[in-house]
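Next up: the structures, one after another.
Next come two complexes built around chain A: one with chain B, the other with chain C.
Now for the complex of A and B:
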């Protein structure tokens, strides 16, 4: 059958492939809520009595590769690295494990970045615009594998044990060094 | 003089001049060859019937001999032309790739979607950073040290020199020499993202005296605010999200993620040639950069009108 109508078979395959096409939207200019009201954030699931914690709203950047990779760039630019290293933690807690002192929901992470936390986490409220905080939140969750796998950014070049191909062979310093000081 | 227009033919430096000469030579030779080929083709088409009328064996043989003769000569001529073109290209490239002696070194870093320009100097106090617009002295060779922070860009200033790619993780060099003072425009020439088209570059070629004057002025820290409004603008600048990415020498703002704004008021355009540098444009850029240049890294900053007005006045005063 298929050997007799190769055109039909081809068209079917093309249709099936087309159905899989989906171009992700780059959310560059949306106005995100500054936050959900920060007072309402539940920091821990532990509570007296039996009421379950409130349902968490869906996080739109959960599966948006652009937002997550922007967050990755901001993570380095705003020096989150300075304390949390590449997610493994240094003088700040690790972000790639499943232990969360102040909660792992997007709203909780947002509040942590905006308000700051005791013992060293500064408050970035008023310094980082809401959209960028949400992008950071998305990346922080990506560090512990909580975003969709196909939206997860790749590992950064410097984390590989071998240099990337295009960096091989350029070892010359870029800027000239200061003149030698008289001894 | 290429004012606001990229032109590889309207040249202003010896390197662009050599490239333009090569272009003219190649175009002329290939145009002549093209005309000859078309001419011969037409002649052959018309002659086809005359050839068929040749009756005798001897007549045909002599015609074949003639044809062999013509083909041999045409092949030899083709080889000769190709060698000439190859050699002329070789000599131009050899001169373009010769490193200059004692050049002025400028580090150019490509960003999505702007150019970071840093004048290198062994003495750190003599280094200066600017963005998208830069000055060079005429007559002196300038060595550009090209790198990229994110993706591949390409540096292109057609009236001065050819293209050179900026590749992340690698360092490329390119040489600029400008003959005559003037304003020359350039452009990122490698698709680098949503706003690739709005990644422009302006070069001012100055006389050596003017260049030195400009350099000394750029080495100064950001101008102190003179009025109350400008003072308020500075405090808005240092307390809002601006400080996370931008720097103004002489204030607390010292981040190197976005363009250095120490002398923003002395530049003709903002956002890498997207808008002319007026307080109104600055205000709309700060409020909604994603409307003017969707995909740029600058986020929208919501400010009350008074604060915004003070901020733009302060920024405009940074001459």
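Now for the complex of A and C:
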């Protein structure tokens, strides 16, 4: 046992020296990719350097009546309604008005649902399959008329609490949140 | 303590301010909390210091009353989790702090009880009791009884399991916890439990009066007021609504929700229970205050408490036994035709009972009840109970509720409207002995503030559009009013300052369930916003703005 000790000690010293080298290394010539927001999500109107945000992909569900009505059902089943009512807001903010705290683009709304938000919006990541999240996104946008009018739900199956999504009309999203994406 | 005394009377023995001189009340000083949510707390005064706790983020301020303008002595910030705002059903309110033996105790929205040194504001201990991931929050004002801090949880709209917990005031360690649902051992029901009515007797009714497992998310939270009778050594407190609101998902009496417990504060052991709203159909809860009084009834003095329930009935209950002595409606009620004094059970009006797939119109009172959290005051001088309350009804359709932990568990579509007369609020002086209103003041908006009665013969309350009012305690005549910067939903208090003068203090800062239309910036084209308030309060944002401010008044 005792004869192996010096070797062990040597190895330890070598390791420590190597680790020290790595700690001190200046990787000046390395080409790191420019930082880009994940999935094109931005949460600010301001962009340092002034370059425009990247174009976002077309959102296919904005004109799909089936996806929007599925979204409407999921909105109730996943208890979105418990906090946002029929779009007028309750524990969470209104969704049928023109204020968008965390962005009005489909990507922003998707991220808000999946990631959650720090002032009380729960994260539904891992709870709702992506396709259903996109259907929810479509319905959330339908609440303020951000989808094609003929795809917007025209009737409700429950107690009459407001005009149908279709007859509410559309609002122009405003906020200190990201600008609306070109559709 | 916010209620002024263990009996929860909110009666101040100060008599400098009288009907003759109240008209000359002037602002003595003010203090901005810098916050925009609903300010429901009562300021408390001791050691020449005024303490107040704000809505989320629950900052505790201490103001020096012995210096001009009452400057800030210190503040204590508990920094609760921001996510807790997402499990606060009805604005992010806090109903106040309590003082005991050199310490201030209060609850945070994210489920903590905190003890702070009253002199310098340093934290003594904190106890994490609630779990926001299960939908639990804390909004009530604690009560300290014999070295135990009594606190309860909120979250009846999130499928939580309600409890009252006693903490050692010195250490924050749990002395006991009594759940409002589940097996007897969890509810602290044992050999001492002797309820008055037979339906409260049996084994494990907190399990058997529910469908399998439903008691685990059955509500019965304890977010209201606790009173204490030192002579009987009993505490009295209400349990809130069963979850979900949709009653079709929870056949049975749903014990021990929507009722009142009498317990031994030392051990937590239940002495009796009475259920105001068995199998609650309307979110009527049972959390409203139990104001301890001694009343002459049928020629003998009875130890009772008075309880204005959300179901619209004013109960006088024998606090030794739990017997209902009388139950009289104090608002227009069409959901319950009477309370059977033999059985203690409400006689319900069948066509007003919610059923899945059907919209029931004009249920009175609405889910907020004939009266909600806003505490009433008792004057032993006039022998009136001054009840701040609302006059609202609703249309409701119950629907299946999905339980997803940390999200609402309600299952009801609601739209509210003003009750008979069109006024939404009332301030009632209730003659408890006679069982009728002595007088009442109709208010345009729900009266969501607490009441204060004083020995000087003046009573105080505030309105949601910002008027702070002083009335003659006997006649109800308006004697003085002051327009505050924001709607008043706080609890007015009176204290004697270091200079010997009588002061009246109240927080303004609109919000709460009724005022969330302002604080939550609802889009009121959806009349169901805020669980049904969107339509009926659509004009409030045009009548008041947000902003927390303490106002303190005195005679010149």
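FYI, the second predicted complex is superposed on the first by the 116 of 183 C-alpha atoms of A that agree within 3 Å, B and C clash if a C-alpha of one lies under 4 Å from a C-alpha of the other, contacts with A are read in each partner's own complex, and residues count from 1 in each chain.
FYI, a residue touches a chain if its C-beta (ideal position, glycine included) is under 8 Å from a C-beta of that chain, and two chains touch if they have at least 3 such contacts.
Keep in mind the model is a prediction, meaning the values are calculated, not measured.
After overlaying the two complexes on the shared chain, residue contacts for A:107 are found with neither chain B nor chain C. Look at A:64: by the touch rule set out above, it reaches neither chain B nor chain C.
When both complexes are overlaid on chain A, the residue A:78 reaches chain B and chain C alike.
Of the two partner chains placed around the shared chain by superposition, chain B is the only one that A:167 touches, whereas chain C remains out of contact. In the superposed model, A:131 makes contact with chain B only, not with chain C. Contact with chain B, but none with chain C, is seen for A:26 once the two complexes are overlaid on the shared chain.
The residues of chain A shared by its contacts with chain B and with chain C are 77-78, 127, 163. Residue ranges of chain A in contact with chain C, taken from their complex: 76-79, 82-83, 85-94, 96-97, 99, 116, 118-122, 127, 158-159, 161-163, 168. In the complex of the two chains, the chain C residues touching chain A come out as 82-89, 157, 359, 395-397, 399, 402, 404, 406-410, 413-415, 516, 520-531, 534. Per the touch definition, chain A reaches chain B in the complex via residues 26, 28-29, 31, 73, 77-78, 126-129, 131-132, 157, 163-164, 166-167, 170, 172, 174-179. Residues 105, 107, 118, 120-124, 127, 145, 147, 150, 167-171, 194, 239-241, 243-245, 257, 288, 290-291, 294-295, 297, 299-302 of chain B are the ones touching chain A in the complex.
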